[in-house]
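What follows is a group of structures, each given as structure tokens.
Consider the two complexes below, in which subunit A is the common component and subunit B and subunit C are the respective partners.
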Partner chain A sequence: MATNFLEGPTNTTPRQTLALSQNAKSFFTSQKGWSLPYPLSLFLNTESQEKWATYENIFLATLRTGDHDAAYLCLEELTDRFGKTNEHVVALQGIYQEATAKDTNELEEVMKRYDELLKDDPALFSVRKRRAALLKSVGRPVDAIGDLVSLVDASPTDAEAWAELADLYAQQGTYEQAIFCLEEVLLVTPNAWNMHARLAEVTYMSAQKMEGGEQLKALSESMRRFCRSIELCDDYLRGYLGLKITTGRLLTALDGAKKSQLTVSDPTTGDLAPPSLASVRKLNELATAKLGEIVRRGTAGEKGWDGYSAIELKAARDALDRDTLKIQR
Partner chain B sequence: MAALATAVNILGMLFLAHAVYSAYEHSLLPSSSTPTAASYILPQALDPKVNLPLDITLETLFSVFLLCAGVVLSSPELKPIQWNVWAGRLERSKEAREIKEVGVGGGNPYAGLEERAGFLDIRAASRGFEEWRQQQDGGKIES
Partner chain C sequence: MILTGILRHYLSTLLSTVPKRDPLPKLRQNRHLQHVRNIIINHAQISRSAFTRRKEWFADEVKKGSLLAEGPAGKGQGKPNPLSDPAMMEGMMGMMKGQMAMMVPQSLIMGWINAFFSGYVIMKLPFPLTPRFKDMLQAGVGTQDLDVRWVSSLSWYFLTLFGLQPVYNFILGSNNAASQVAQQMQMQQQGNPMGGVEDMEKVFQGVSEDLEVVEHWFVLEGVEDRLLARLQGTTV
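Right after this comes the complex of A and B.
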């Protein structure tokens, strides 16, 4: 299959990264070609969004694979086209320097450069984000959090920054702050089904440390969030898997719950009472049935069902297997 | 379904052509030049003032009906207009996620909130890639 140059490299698709990096040379030669002298060159249209998107994707892919020469070529092309002061190009230059830095001293040089850039223009958000990312990368998450807090203070509608902040908080184990940040993300992008699922996951993680009524409340909140993500996206594997796990947990929690905890609904804060045992059981059955179908059709690679990631499918199968084992005993 | 739609379209076209030709031929007949009785449904300006036989009129109507049905049947599959159906399709199938040009296609538009290109930790990413490559060389992972 031909490589799709428009599909950028991500952490979950190393194969695409490799393909992009391997096809970098052929793309460069295809771009060379001949050109006319100045006034006539205006008639030749070599510009397209696809061309520059491809350059950026190859740039990021070659940095991941360690082919720094090819990455440098891409960066040169992008800088020539968009200028040295372009916000995006400045960030890409920063990424290149981070990737090619050999030791901590060089990384500190990069950090100094970011600081200088921000002194000139504190509104360079791409550079502020790079700075926070670099801080996280060198193992200073607390400083990164500080940076991000000031960033979202300046630009509270930046969902990406809120999501990054949530991730950092969750890594630190401060789930309450992480949940707050994810709720901010959902205020900006209320239909993002993956963020609903993420919020549910973080809520579920926070519920592990709690006890009694608190835990019951967190678990039911998590279950409701998973339900919302499924409502927004049919056959959402991550949502159904989460729903299965949370309802399974909730069933045991509801069994041991006292009567007073079951009817707690706080009118002042608007908290809902925990769901009834029957509805939780129904949801659990629904999730099991749906997961079974998704795993069966996804593993068989039926037409229109080949898009699930192999890792998620495996996790779902494991969850189903655990369930059947329990029943057999 | 596509073959049926094409057949219906071709049939409709044939009937239409036949009806038009018949109408033309009929208008050349000497008997059709005799003046017709004024229509009492249509206003004066819209009255065609020809007396076409009923079968030609029916054939025209039938052919147009066939063409309408054929065009509708041969139209491509409708795009989902419900959010959950559309999103489910993106999650489920690789084909729906394919990027054909910048800004068209692509999977979950909110995946960027978890991938976060602006905060790309390139050093960790290249380490992760290196690990993957070593696993590949070791033949531990197949897919």
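Right after this comes the complex of A and C.
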């Protein structure tokens, strides 16, 4: 069977999810299998972490494809094994109820249940996260932000919560807070190149609103973040695309900048001086060349280059096309 | 012998209790401590201004004592006496009970093995050894002059016990409790219940001082030159 049961739900494409949920039946029958009579069964142990991870993945996949009966079976198995009060199982039950709720009233019911659970034990972080996610999905981002803020106050090492909070802030357009949250994520996972790139993106977005020296500073910080993410992960498409865009902006910004702004390297605040024009230009050329290579090989599906998502490849190609148009003119 | 291992596995799964979750204030205190340690380790990821802001915030909070589990009121109480706190007492009793429950089957099994296996040699190694190996190979046989090449049965039992781990893995799944080695490791990790109580205020002050003396450097400094050097190195 080519289906990978152990791939986490965040990494699967819709096609993989569909395949996973279609294989649910055969997985159930394979689990039923033979077993020894009672005293002898003590000598054999079919427990493994993979088994339960598979159950959870199938549960999420079947919910996504709308196969609620199969999802219910998985949930039953998990509840039987780990008990009703298990932190993880409670969250999964919540997901099931959210997914099968037919209208907003039922979602309100789920919310009430979360509130009751949290009144009993405010340390149930999985339920607190579910509550924030539910608030976000019913279109109450401000309440979700409030929830998450209290969550990260109680548990400031939770990178997942910080990242979610950063997303919400960025959606609301409050970039400064989003940058703060992403910095917190980086403090927990210092080498996460995707988080470096994400921070760079948010910094770039915030730079759009600024002017003059402030903008120059934000742009160069964003460019350096992209550099770092490429340094951590070779051939990172998002990193190169961001590097190309930021260096393009920086070239114009540096041209128009005053002399005094170019050499500011304040030792007290520790802000770095903007990069030199020559190195920005070189980086821009390199990023363009690399992007061209990635797009060419990625679209051709060459071996070792086929992991890129189609949407990101298209965005990169569009950026390159825009560039050539400008030159033709 | 495999049977004793399996017996041990099921006994310990029966007797083990689910560790209780800490209440929220305590959890918060510990996570904040971890958070500051993260800042100290990974400070290079954030800019100097962001680092200074966090440093000042933390120093402020420590002064106010609001990160402590008891809140600002818990400041200056000193090290709590572990015996005065009923919840702590209960936790310690639970731990004692667990350890007693572990001890009884352990000593039963050991006694059984001792009665069964002690007092005779079982095989002769085909190669000579230095006298140092006497302790390892001739446990339970009290003769001084016996050649080291003879292996007593009790020693043989221990040798096979450590070698049976893969067999247990095969029968019971990978995280079984049959092996003695794993169990001893676990006991060491639990640590001393009496030593676990610390004056959190002092701990926080210590970390705050650590944070104060951190010499900040920024990972983004000169990153564009590093990247350029590397990319040009590979493309040319």
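Assume the second predicted complex is superposed on the first by the 324 of 329 C-alpha atoms of A that agree within 3 Å, B and C clash if a C-alpha of one lies under 4 Å from a C-alpha of the other, contacts with A are read in each partner's own complex, and residues count from 1 in each chain.
We take it that contacts are C-beta pairs under 8 Å (C-beta built on N, C-alpha and C of every residue); 3 or more make two chains touch, one makes a residue touch a chain.
Because the structure is a prediction, the values reported are computed rather than measured.
Shared-chain residue A:275: touches subunit C; no touch with subunit B. Of the two partner chains placed by the overlay, only subunit B lies in contact with A:235; subunit C stays clear of it. Within the superposed three-chain model, A:114 lies out of touch with both subunit B and subunit C [touch as defined at top]. By the touch criterion defined above, A:183 reaches subunit C but does not reach subunit B. Using the contact criterion defined above for the overlaid structures, shared-chain residue A:204 touches neither subunit B nor subunit C, since it reaches no partner. Note on subunit A: of its two partners subunit C and subunit B, the one contacting more of its residues is B. Contacts of A:224 after superposition: subunit C is touched, whereas subunit B is not reached. Residues 49, 231 of subunit A contact both subunit B in one complex and subunit C in the other. Those residues of subunit A that touch subunit B in the complex are listed here as 4, 6-8, 10-11, 14, 17-18, 49-50, 53, 60, 63-66, 91, 95, 98-99, 126, 129-130, 132-133, 136-137, 159-161, 163-164, 185, 189, 191-195, 198, 231-237, 303-308, 310. Subunit A contributes residues 42-49, 121-123, 153-158, 180, 183, 186-188, 190, 221, 223-225, 227-228, 230-231, 269-272, 275, 279-280, 282-283, 286, 289-290 to its touches with subunit C in the complex. Those residues of subunit C that touch subunit A in the shared complex are 6, 10, 21-24, 27-28, 31-32, 34-35, 38-39, 41-50, 52, 171-176, 216, 218-221, 223-228, 230-232, 235. Against subunit A, in their complex, subunit B makes its touches with residues 83-85, 87-103, 107-108, 110-126, 128-130, 132-133, 143.
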